[in-house]
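Structures for review follow.
Two complexes, one shared chain (subunit A), two partners (subunit B, subunit C).
For the complex of A and B:
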């Protein structure tokens, strides 16, 4: 029976992908459970169910958490499809964020109906620019993108701290200034629809991005070229594809997505998040990596893995009802996330395991 | 206990194709056993099963009379089975010795300990005259040398049953001769050898028996001495095969392509890799560049097609200078290119067949509109080519190219390049790895291309092919053209002298 089910879901490559993602998540959860049992054996089981299921009562918050990491997940995943490892989503996100805040605070001359939109676009452009630099270095100077994007992360980080401290500083609250009312991403009733939480139009933007990236990758000549370069650079050259252009464009799009993520986080009101001067990279930037890994770089996979992580983080919030220190909760949620991502790296192994089980059943 | 290996009633199915269908293969101790079959007949699959890479759906394997289960290559090693794959599996930035011990490293206090291994490697390479330097890096040594490393790898593991999957496809005639000698030596020592090859005369030369597969089925096993080449070919493809191509006299027209004073300097030395190359190709003509591997043929083609940039010399297509055209512009201007290294340049292995068949033309109106791919015409195109060129693969246009058999991958490239009907078709060893039936077919295609008034520039290491197909032969030696002869006016001996550099002829653009 089980073997039949396994056979069913392993029939095509897609099913293998979906099932290996699911298996990765399950093993991540089990790993989390072990940590819970070690740290608080008595309450571990109820806490375990809380972390998985309580998020469902709070869809609004889950979507709010998921919005930026869908975008950074897409950023990492898109680059990955074209053979590039973009570790720089965090930096691109922050540069995007500061551009959005700058426009949101300073460009009051804009008509209020499009103020937020321009701020959002500014974030995209800034992120794209930040991604383009390592793209150029890779394409024309053969500098490895991992090195370049890490460096750009730090340059971006200090640039942003400077901007916050000297240009956009809110002295009273020791943080970046709040953007004008007109620059806040509108809600269009989404906050009411999903209840508690701060779901705004940013979520819709992330969904649209998923769809656009999906179309680019699977339906267009542009995506065909980019993937060809990612799979086999030499063959692409043989085929007359300009692989240098491809690399730069892929990094531009990747950076643009990360930049948009920055806008969706920081174009909010007084009670929302603000940039601090403490000089840390925003964590959503790095979350893009496990999101993309668990989602196997497929846009739809990324959407679902981002939602899963949103669910998990919100569940972690409710775990505070049990006797777990907040730090431990953080450790648990990130262990689950990163363990799942790790398992994906062994996807080939999982596939093999499936096939073996399958085979035994055929014989027995 | 007569047989060392028995594979009984093996069946293995992949999505859409039965790669092995109730196949039985029995190997005696000390014999050289050939495995013959068309491209995609299931030879590599059968051997991968014996080596533990795939599990059969049905059937049993016996080693020395005992039923065994071979779950992975380590099990195969333990049973004394070794394999040299069709596409080598070496780590390029490791040394020869590191590659050989990989998986069986001796460690002392957690550190890799290579001294004894190197001693054993040197001993083995002396004994079997497999010259290698254990400390060279794989990326720096020739393909023939890499193969020796693969052979040493088997010997290092004390393998008694040696599987060679198309070992001669990548070797020069001299290297092939050496390999055959070594195989005979192995057999004389009591080792058993399974040899996959498409070259029937190699089977005739070394093999004792031969098992023939056709479309996954076992057709039979014969004693090689009892049958003729023709019979073997017929068993394999199921019809008569003509070995001599039927060539009409060429009807040559104007010049299509010309190379003038082409030079290429080696990247890291003063040496000239190409030294003042001049030649032309006319409509309706097949010009063949012959030579021993490594005398500049690869560089010449890469320079012409634009894969390697060059500074000195000019290229003309149809009278127009194309020296500085981009690769795409050259392709569009009418050059087709069947590349030497099909995995590196010819294919995107993770794309499916249909996607690979539009590699240079995906942006043409036929396949896209407003930047969106027209899938229905992409797949129609693929189906037509599959049909026309008899490309065999499990899931038709949807087959991931990586999963296709080596010969069918080659056919896919040929189909793509010939279908564009280029004015100049550059074909580098187009029949490497193809079965006799497919070779016959490709030769016919090359000829009909030329008969349609197009030009063909063929690079080949096989003298048979050179003599049979070409209308004119250019011989390359150390980066220079040393002869320009007609096949009717020369013979294999004379070509051999040119190729070895001991004779020079007149070379002038006709």
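For the complex of A and C:
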């Protein structure tokens, strides 16, 4: 596996896109630094280094933040590979979350050893269903998936708000009921291993998902067909691939991943996070977009960029102490994405650098 | 009857911003650039517009401008800065998608993520917002109770000229100008040709890059204006969100088949759906049904999906929209 990974990195073509991504990250960070210097010069430098380095002392927290966004990043990235832009991860996540909470609260007849697992699966199924609708509309009704997934976000949001308010309401705390003890995702000692933070088996689930998606995309005919649909819909149809089924299936898998993300956030105890009736989409759903874009939609890239964004967001927690709004993190990530859209600029620069180095080698 | 007028007046508050923004999107997509950044452009435009209103509303000497209604002048200042900001912001999208041949969806997404973060970040560094993200403004100064004479016209007077905002007329004016610009001028013809077949336009001596820049910048201007129109006519303070209206406007654009007249119809339809969602409690026959509020709030989005499911199959957008313009391609 590692050898494969190293081989991947060392192929020149991949090396160029990875290094242009790294350049985009550096440019985004510098842009953020400039904004910070302009708004508050005195505290800007220490605050900036806090953003970058504070996460290393809080690995547990970083992994806790990264767990759901690895999954939503995979969700968005997987759809990208099929040529679909799934902005609906947020809605799929919330619908998944409410399904998990419903099973976790109501299905007490389940044996306690598998209760959490069934709740997790319910989240995946609900998310998959929520993804299937825009997939179906795209494949058979030609509805643009960006518009359809956004509409599904809002429909899901209000559905979840209804479910919380009328079916699963914890009146005392004005939020969703806490799931039964047996439905909480187990820790298996991970929380102790990584110190502060709430790392549970969900993190392992997200790592397994990375591997599975990697295998699907690069080792199976199915994955190859999906990618072919993404590259050229008409050509793949000509080659005998059922491109309509491909689109629906890609959205189903994409929704499933986002649904699982919902379960990893909300299958927790009393002190964990709960759904509220405030009618705001859960932000981890949208975080999947930058994660996938920075990770170049490659499963390993997504893992890396989710950890990177986890690191930045953990740093963002300390920004109040420096009189900076934590939104500086979002400014940094959005500018990284903008810079990564300017691949041509960076690629040209890197290719020039390569040629220069190679020339040196020849001369030397 | 009063309920009927109430619904239609409310409908205008929602329809006009959608109309303006969707028309903006039309200019961009007709030139061949998909502008998914409309949401972010609306937001940043609304933010600067609201800040302008806040700063200007107490400084303009009321006596000096006694001839024109004070509130309307404040609003016009806000609309101008909102539009200018939107136009400026959209240049980033134009640069990425025209010069850098970037993926237009990625560039648009970057702007969409940047806008709310920037608005909150800036609002929190202002003293006059008490370092919070909300920017409040005096909405009542903008509402026109009744325009003399015109307001007395039966039916039309009730809908358009009573309890209206000046933005309603500006929106309709933009519609007329946009229709003329797209269909009756040389620029319009060039714009449309760039969105259909840029290589052919280039061969005919049209500067495709320039036309696309103009298309995107117009969409930025109208996006910014539409953002402020939305906030002024439906909110009492700005809270760093335009609640997905940019994306709704994209749906309106598709439903309206990239044509001004149909965009107007589509935005009226969505405005009506939005009215049901937001003021069902004041509409007697909806109130009796006693459904949970979430049900009504879902309606506009379900209606969008249903409508798109039935209209999208046959609809063809500008052929080259979203495609990177490659001079060597035929």
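The rule is simple: the second predicted complex is superposed on the first by the 309 of 364 C-alpha atoms of A that agree within 3 Å, B and C clash if a C-alpha of one lies under 4 Å from a C-alpha of the other, contacts with A are read in each partner's own complex, and residues count from 1 in each chain.
The rule is short, and it goes like this: a contact is a pair of C-beta atoms (placed from the backbone, for glycine too) under 8 Å apart; a residue touches a chain by one contact, two chains touch by 3 or more.
Being a predicted model, the structure only gives us computed values, none of them experimental.
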item	value
Touching partner for A:235 - first (subunit B), second (subunit C), both, neither	first
Greater subunit A contact set [subunit C / subunit B]	C
Which of subunit B and subunit C A:189 touches, first, second, both or neither	neither
First (subunit B), second (subunit C), both or neither touched by A:41	neither
Which of subunit B and subunit C A:345 touches, first, second, both or neither	second
Touching partner for A:111 - first (subunit B), second (subunit C), both, neither	neither
Which superposed partner A:85 touches (first subunit B, second subunit C, both, neither)	second
Partner chain in contact with A:221 - subunit B first, subunit C second, else both or neither	first
Shared subunit A surface residues [contacts with subunit B and with subunit C]	none
Residue ranges of subunit B in contact with subunit A within the complex	15, 55, 57, 305, 307, 326-331, 337, 339, 344-351, 355, 359-360, 362-363, 367-368, 371-373, 400
Touch list for subunit A against partner subunit C, complex	35, 39-40, 85, 133, 137, 141-144, 146-148, 150-155, 158-159, 161-162, 165-166, 279, 286, 289-290, 293, 325, 327-331, 333-335, 337-338, 340-345
Subunit A - residues contacting subunit B, complex	12-13, 219-222, 224-225, 227-228, 231-232, 234-241, 355-356, 359, 362
For the subunit C and subunit A complex, residues of the former touching the latter	36, 92, 96, 100-103, 105-107, 109-111, 113-114, 116-118, 120-121, 124-125, 133, 244, 247, 250-251, 254, 292, 294-295, 297-298, 301-302, 304-305, 308-310, 312-313, 315
